[in-house]
Amino acid sequence: MHIHFLDPYRSGDSLIHRLDPRVKFVLALAFILTCALTPAGAWPVYVLLFATILAIEILSTLGVGYVLKRAILAFPFVLAALPIIFTTPGAVWLELGIGSWELTISLPGLVRFLSIALKSWLSVQAAIVLAASTPFPELLVAMRAVRIPRLLVAIFGLMWRYLFVLADEALRLNRARAARSGNSGQPGIKAGGDLAWRARVTGGMAGNLFLRAFERSDRIYLAMVSRGYDGEVRSLPLPAITSANWLVLLAGLVILGVLLSLSFLFGS
Amino acid sequence: MHHSIEIEHLSYSYPDGHLALQDVSLSIKPGEKVALVGPNGAGKSTLILHLNGILSGEGSVCVCGLEVSPATLGRVRAMVGLIFQSPDDQLFSPTVFDDVAFGPLYQGLPPGEVAARVEEALEAVHMSAYARRVSHHLSMGEKKRIAIATVLSMKPEVLVLDEPTAGLDPRSRRSLIRLLGELPLTMLAATHDMRMVRELFPRMVILDEGRVAADGPTGVLMEDVALLEAHGLERT
Amino acid sequence: MFFSPTAMHIPDGFLSVAVSVFLWIVSIVVVGYALKRVGKDLGERQVPMMGVLAAAIFAGQMLNFAVAGGTSGHLMGAALASILLGPWAAVLVLTSVVSIQALIFQDGGLLALGANIFNMGIVGVAVAYMAYHTLRKLAGGRKWGLYLGGFIAAWLSIEVAALSVALQLALSNTSPANLAIPAMAGVHALIGVGEGLITVGALAFLSTARRDLVEAGEAGPIKGSLVWVAGLLIALVLAIASPLASARPDGLERIAGQLGFLDAARSSRSQIIPDYAFPGVSNTALATILAGMIGVLIVFGVALAVGYARRSVRRSERRSERRDHQVSSK
């Protein structure tokens, strides 16, 4: 009963898998930045960006379906932006009468909303490809390379290591509670307790989890000290980035730069 | 008169594809004490989690005459008391009393009844003095007993245990075995502790690679050394 | 997302680049400082402890309880972390949680990560810290201070973080302010209750199991005062800014709103504060938020005043005790 399915990494041997994680990391961020900077309404560029990420997804052999399915998970947030189709002033696109209300969908509002949805959808695909094609330890390397403080990276690393262990414990706490959540079957008695009680029980479970985590961290610290840990985080120097990877990085940035410049021609 | 546990052709695969149970069938009569043995990874814990609906696979699982389904989970969980391997996962309330009271409280029983049940359950595991103690500070043996109490307070018909003696020192183990012997409930225990199996469980089911490899009287199966070895077990 | 407790993790594409970059800078500065402070306060234990506790918070977000009709409540954890670990360590822990959630689980965007760290790891923590310590001082060490403090700290951490999110969405022109703010504030006022209850439950458990852990997180008044002030400032700024951004007086009239909306000649400023308002959302929501915020401020004002009064009373009490040669016990 392990929560393996939490880990999004899918092993493979594609070109994308084999790219240096630092290059992938930077390109993924650059892609997301490009999406963010592309003005609303620059449809041709959005299409090209989609084509780009789609090509990468295909190259990565992760399965386009897999990526797109995961990308849908960010979808609900789009609803937060929905109102702007009504509230952005400008040329009227559609008038709706619902009862006594008059709702007007404006063209600029619609353009803006769709652009936001596209930006979001494209960005999350890039993040998914990155996470699915790169084992976590390599992502830590990438983080070090972009100068994220060693201490923070070390904390991430330990967090990752114990994430699954603790998630397992959380799952078992949930199960243990479920196992004792019965229905007496006596008429007139409602099972479940009241909301406040249930929340407090959940809090107790959280406290339990924390406490065990805390004590576990003590044991981990002792193990580290026993192997010479003195508080300073030391790691092997990062290997040099191969020229092939530099090329890919350069090519990627150039392509994104071109797309971005193009977008300013199209955008409003 | 229904069986306490009736499993028919149960199969289960984990989300990652791993086939954990294959066509498992098992019937347990009220009052029977059955041991579930087998190597690690055989599917013992997986099977146990089907008995109160935490997992659900293909095939049918009936407890006390009731088919385990989303609609009956509430009743099933009141009738089947599941005790997990690690008591730390089960003791999540500030005090022992709170933990033992959880089951009856959840069921919505009146406070007087809840208190009575807690007292009875603690009495049954010989830990009446521990009601105000903090679960976290107890020893492993004490925690295991409290964990049993947390389930007994629901007055289940069946007790299902996952590795009850794992991690116990000889004294705690002895006292736990004695306790289990005292409880009159129908019992199914997944365990590696073959000596306990001999002592407490007249019937033994050997599970290996998700299948039932053997199901019969403990005395008989224990003599079949070849069978035991074939399934990663040792004769004791 | 699987384990996301609230609608607080902003994905990419929703914040303007300006807002994202600004919040990144703030987050980097604060997290950088937190790294230094934690290094000083905790020393070498910090890596395993922060790492494992970050994992615990992440895992803790998987614990849920049934609310109603299939929905469930979860823990975010900023308040609990802040209470147990102190503010700076909590910042690091929450930063780790939010970062991994974004990077690995796409819960929140990568460009928007700066904003998410700010909202949950900084605002959430600062406000919780302020509330918790204020209430504990007010209670003068009595038990109810722990629980009420925990509850309010947790509630505020959610509510104020939600307001922060809403303001950022409004400033980015992604969501109209007079909708985003009431909506976020309203929904999270309820979610905050869940967070409060879970936090109280956790504190109850930990108080009995390991009282020392609960006490340890309390930094002395001098050490934590920066955070305390920051927390109060953040809460005040958001409290004042939200109702302001949410509506202009003349925009609250529904009819004027509809007319104003169709008017083509608009200044860009009014885009942030559109005149159009969904009926029923404007007045009551605004009033509720205002009342809530004012109420909170009043409580803290009172708490501060009482805190000061107590301190001076205690000081004079101690003086008189010493004079009477009595042994004072805590």
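Letters A, B and C mark the chains in the order given here, with residues in each chain numbered from 1 onward.
One rule holds in what follows: a residue touches a chain if its C-beta (ideal position, glycine included) is under 8 Å from a C-beta of that chain, and two chains touch if they have at least 3 such contacts.
Remember, predicted model here, so these are calculated numbers, not experimental data.
S.K.: Using only Cα atoms to place each chain's centre, name the chain farthest from subunit C.
M.R.: It is B whose centre lies farthest from that of subunit C.
S.K.: If you tally contacting C-beta pairs, which comes out ahead, A-C or B-C? Let me know.
M.R.: Result of the comparison of B-C and A-C: A-C.
S.K.: Taking the mean of the C-alpha atoms as each chain's centre, how many Å separate subunit A from subunit B?
M.R.: That pair's centroid distance is 39 Å.
S.K.: Which integer distance in Å separates the CA centroid of subunit B from that of subunit C?
M.R.: Using C-alpha averages as centres, the distance is 43 Å.
S.K.: Compute the distance, rounded to whole Å, between the mean C-alpha positions of subunit A and subunit C.
M.R.: Taking the average C-alpha coordinate of subunit A and of subunit C, the gap between them is 22 Å.
S.K.: Please list all residues of subunit A that touch 2 or more other chains.
M.R.: Counting only residues that touch two or more other chains, subunit A contributes 169, 173, 192, 201, 204-205, 207-208, 211.
S.K.: So which bits of subunit C are touching at least two other chains?
M.R.: 204-205, 209-210
S.K.: Could you check subunit B for residues that touch two or more other chains and list them?
M.R.: 92-94, 136
S.K.: Using the touch definition from the top, list the residues of subunit A that touch subunit C in their complex.
M.R.: So the residues of subunit A in touch with subunit C come to 6-8, 28-29, 32-33, 35-37, 70-71, 73-74, 76-77, 80-81, 83-84, 86-90, 92, 101-102, 104, 112, 116-124, 127-128, 130-131, 136, 139, 149, 151-152, 154-163, 165-167, 169-171, 173-174, 192, 195-196, 198-211, 213-214, 216-218, 220-221, 224-225, 229-231, 233.
S.K.: Which stretch or stretches of subunit C touch subunit B in the complex?
M.R.: 204-205, 207-210
S.K.: If we count contacts the way the header does, which residues on subunit B are in touch with subunit A in the complex?
M.R.: 15-16, 45-46, 49, 52, 54, 74-79, 81-82, 84, 86, 88-94, 98, 102-103, 105-109, 136, 150-151, 154
S.K.: Considering the complex alone, what residue numbers of subunit B touch subunit C?
M.R.: 92-95, 134-137
S.K.: Show which residues of subunit A lie in contact with subunit B when the two form their complex.
M.R.: It comes out as residues 1, 4-5, 169, 172-173, 175-186, 189-193, 197, 201, 204-205, 207-208, 211-212.
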